[in-house]
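Here it is, the structure, as structure tokens.
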Amino acid sequence: MIYSFANDYAEGCHPSILRALAETNLIQQAGYGDDAYTKNAEKIIRELTNSDADVHMIAGGTLANLTVIGSVLRPFESVVAASTGHIYVNETGAIEATGHKVEAAPSADGKLRPADIKPFLNKVRGHHVVRTRMVYISNSTELGTVYTKQELTDLYTFCKENDLILFMDGARLPMALTAPSNDLTLADIAALTDVFYIGGTKCGALLGEAVVITNPGLKRDFKYHLKQRGALTAKGRAMGIQFDQLLRNNLIFDLAGHANRMAAKMANAFAAKGYALSIDSDTNQIFPVLSNSIIPQMQEDYGCLVWSIADEDHSVMRFITSWATPEDVVDEFVKKLSGE
Amino acid sequence: MIYSFANDYAEGCHPSILRALAETNLIQQAGYGDDAYTKNAEKIIRELTNSDADVHMIAGGTLANLTVIGSVLRPFESVVAASTGHIYVNETGAIEATGHKVEAAPSADGKLRPADIKPFLNKVRGHHVVRTRMVYISNSTELGTVYTKQELTDLYTFCKENDLILFMDGARLPMALTAPSNDLTLADIAALTDVFYIGGTKCGALLGEAVVITNPGLKRDFKYHLKQRGALTAKGRAMGIQFDQLLRNNLIFDLAGHANRMAAKMANAFAAKGYALSIDSDTNQIFPVLSNSIIPQMQEDYGCLVWSIADEDHSVMRFITSWATPEDVVDEFVKKLSGE
Amino acid sequence: MIYSFANDYAEGCHPSILRALAETNLIQQAGYGDDAYTKNAEKIIRELTNSDADVHMIAGGTLANLTVIGSVLRPFESVVAASTGHIYVNETGAIEATGHKVEAAPSADGKLRPADIKPFLNKVRGHHVVRTRMVYISNSTELGTVYTKQELTDLYTFCKENDLILFMDGARLPMALTAPSNDLTLADIAALTDVFYIGGTKCGALLGEAVVITNPGLKRDFKYHLKQRGALTAKGRAMGIQFDQLLRNNLIFDLAGHANRMAAKMANAFAAKGYALSIDSDTNQIFPVLSNSIIPQMQEDYGCLVWSIADEDHSVMRFITSWATPEDVVDEFVKKLSGE
Amino acid sequence: MIYSFANDYAEGCHPSILRALAETNLIQQAGYGDDAYTKNAEKIIRELTNSDADVHMIAGGTLANLTVIGSVLRPFESVVAASTGHIYVNETGAIEATGHKVEAAPSADGKLRPADIKPFLNKVRGHHVVRTRMVYISNSTELGTVYTKQELTDLYTFCKENDLILFMDGARLPMALTAPSNDLTLADIAALTDVFYIGGTKCGALLGEAVVITNPGLKRDFKYHLKQRGALTAKGRAMGIQFDQLLRNNLIFDLAGHANRMAAKMANAFAAKGYALSIDSDTNQIFPVLSNSIIPQMQEDYGCLVWSIADEDHSVMRFITSWATPEDVVDEFVKKLSGE
């Protein structure tokens, strides 16, 4: 295989992280997120979000999702996600294992709008059904799409009018915020959600997601939830150092922007070659519709996923780029594709 | 403060790990533990344990404990731990949050013996009480003590006679296996438990515990449990590389042995000075009984924990050393102590 | 209001039950289902099902559902229900509260067929998604429809071929088995499911559902699950006496047949009057489509439920009859309807 | 066997209940606790407790305990019970199955006092341990003892000072309130707890416990919890009618008083005969210490339980009387005992 576009966690981490790990290695630090590096990363996040948010580093996305959602909901309350949402389709029932129903709203583009959520609020049977209390969105979505400022404002307003908590899964938030069509800032995200996270794993870190809680009502006792779910890391420094590096000088956004640009190059090449793109994504995931006849060779050369069946002769494929995707590899891919 | 002996996770990781992270950084690898480094670490573990164990890397101890225990027990089954056991006293109800009762057997030295467990098996009320199905031990224990081969054999035999699963929390297993009083090998541990883990976090890694499942009945579908609990790490390589390094050339045991020796130096110094050691530990945690009058200065100079009240004038203190504790710091500590 | 057709639990219980309660009242009996009446009811059920089933009486349907499902599934396993299924829409997340995802298969008539379940088995992402392990059906369904012997045979065969447990919610099983279109016996039900229950609450009892476990693998330790879920009733006699009476001389089926006949009279009257019946039900729930203009008066005279909106001017209504619905009330209803 | 003193749920219910069930049998009523009889029982309870409490009928004690406790605690919070408490020893981990740790305070007489609870509040490890948030007591206790007004006042005051919810399991509350040593009224109980229940199952009903919530903060959404735990009974009337009867004209207390008097007669007879009573109980459970040599004959004649081993030659036995225990049976028992 020449290069894999199967996912965005195939390489290690940005070299500046490795340098920082080495430089700080023998400096003793407090455990469980009370180290100086985590504190500094938290400070940067509060500055970037223009907020007094609480920040907690968690080792992975599913662990972040189940810890956050489990901390917010009372036993009979549910969370709504898009039918494509990670918590609904790809976490082995992690949310249900905390006792809560995930309700799925059909969504063609991976995004949720107030109209998608309304049906869950009009339950007439009262205490015979779960009460919807939380909305889970991802940005960028599982389909690579991003929320506009207007869309997020509408959704957050709707949530506040209906006593709903809005939670954004930001595993690829840096890609969203650097997408060409994006008009949101990190401060907007903080102002227009109750809790969200900034993904590290897929954006230049070895591992780690930085959960940012802006709703004061959700801050209390969060470390108890972290500990109970196994999400409180003894050497919190290992994540603190990474976010401290990634958040300096815009690094994490530079890395995400690179991933987006590499994907755009590929998308353009597919389009130029006459392939449809089944979803209009301008982040690091693209979904070209390929003829089944060329897929075996494509997969031999480049790791990529058959996403869904388009018709008898065509499949929707998924290609993902990352902060680490070399531009020359992409250029060669484009050249090969054009030459075919 | 001169140096903290408050815990064994205050520094980063062994330098060879940082080197390996750098060297492998841009090599693409499969995610979720299917990378080459994890595979190699697994292979070494199977060799060291002389077994065909399944191995899974988990980011932290509590997450490992709740994932393993939650995967084994049926809803009405319970796990017995020593009254000092980490899952009973220090995990914010993480096991109960998976739906299972932790039953505590009083233990003065942190270890469990068949006689401690028997009372939980003689429940006469049948389905009106939980059924004890699992025994959780730690080695070294939370009090720094270690199991002998005879003790572990007796316990495992008892477990097998009573249809009990034996699970060893090995957050400090390398320290146990390098303690002067130890007569167990890693292969013994594998043969005399159903599932255990080799701690990385406290033994030279940035983070990570390697769960080793030898009981074939417990292997099936374990990755489903991992994913559901948020314990399946996308960049599994981050832990695989660490264990791959630590397990080569006995490194992890060398590091643990160093920690033990540093603690022994300190224990000897305390004893020489006439201080009692409240627990007979030969691993990296020691528990000297100090006069309350000297504790404030001691804590100003060296991080250490008041463990319990001994009498009106004395407290039991806990000092912990690690793979990273510099010998000259210990020597200076000893010199200061002797000179007082 | 003249009479309520809003549900089938508005009256007490069949008089023979009250007589039996009085006659046995001061006879001492063992608790927790070990009384003579429960034992006798169990014996009758084993005869009627031609099986050596285990039988357990549970106070209500939701409690039965959550206890049974929670006893069968491992943590990462899920249950599939029709999108109309009681556990999916009407139990306030009771199943999710035991930690398990309920997956909904779209169903127009409330029934599930192999083709509805297949999509849940073809998950390609392995341990990143729940594993479907159980199929929940109800008979009669929430829409009043019933399974034919061929349908149930096909479904059960499919389940066995795919290692799926088939569970039938029988809250209205007596109505199903006495429906004109039914060709199943209680013995067929036992042979073609792994576990099911015979509803008492809606079929002549004050309360109680008799859970019948025929799959030997599901029998073990069931009383532990009962106790843990709060479903083990101290005075089990209170349910045992009821089922003992209801199961003698076919009483429960006579009562269910009466309910069905009353509903059929009403359905015929609606049809004669030119109203469509939105679902083809021959049990005790019928769903006529009424003009919105007549609904207020209808609801003033007779309790009945607006089930869904048919079009701008019409609504689907639900009328339910029971074992206790007086025939003269139905006749009067029919006369009034015809005369309108 | 002449008569069983093994438990207080061996007979049916008070005849007035059977009469009321018959008289109301065919009167249609709303389901799920909205029937007229339940409403009336609730009204009586509010009068007797001089409160505006919310009242909910639940079919059994374990179901009541798990629903109440599960509704109050946040995920990381725990409940303290006496080491003899029903939720700690006799409910198959029902509370843990809702995700919460039950912490046991050693208690010789089955009662809890502030000093017993204090140790659980002084946890120094913050979010590494569960937070104690609820105190569970039973009155009468599992050992037949009762709380005095002073004791309950002290405990409630302590709870309020420490932000703890006080929950009283009243499965045998009517016996407690009619014990000779009692100085509490139902209004006192309501004023000195946050939530409690009045047992029906052991006090003249077929089944049912009336949960009384006086703390306004605990009232909200309780029916959602009921439904989710399977504790919302469709024919709520079946319990409403029973409590409606039992609470009229002091009936439930007359029945409990009878049980207590029968036990006192037996206790006096044991004492007169020189047998020690291992616990000083003046309710319907007594614990005489008998010579092992007479136990087999005793158990052949009268159902009774070996409670614990007293010494090599003696055992502590438990005898329980009920509202239904015939006085002539007790008199004969006393005569036989005296004559031996």
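Letters A, B, C and D mark the chains as written, and numbering starts fresh at 1 in each.
To be clear about the criterion, a residue touches a chain if its C-beta (ideal position, glycine included) is under 8 Å from a C-beta of that chain, and two chains touch if they have at least 3 such contacts.
As the structure is a prediction and not an experimental result, all values here were calculated from the model.
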- Task: Compute the centre of every chain as the mean of its C-alpha atoms, then state which one is farthest from the centre of chain A.
- Result: D
- Write down the chain pair with more C-beta contact pairs when B-D is set against B-C. B-D
- Measure off the straight-line distance from the CA centroid of chain B to the CA centroid of chain D, and report it in whole Å. 43
- In whole angstrom, what separates the CA-based centres of chain C and chain D? 33
- Message: Roughly how far is chain B from chain C, centre to centre by C-alpha average, rounded to an integer in Å?
- Response: 51
- Message: Where in chain D do residues touch at least two different other chains?
- Response: 75-76, 91-93, 97-99, 127-128, 224, 227-228, 232
- Message: Going by the contact rule set out above, which residues of chain D touch chain C in the complex?
- Response: 3-4, 7, 9-13, 15, 18, 21-22, 24-31, 59-67, 91-94, 97, 201-202, 206-207, 224, 227-235, 237-238, 324
- Given the complex with chain B, which residues does chain D contribute to the contact? 75-76, 78, 89-93, 96-102, 125, 127-130
- Query: Touching chain B in the complex: which residues of chain C?
  - Reply: 70-71, 74-76, 98-99, 126-128, 131, 221, 223-228, 232
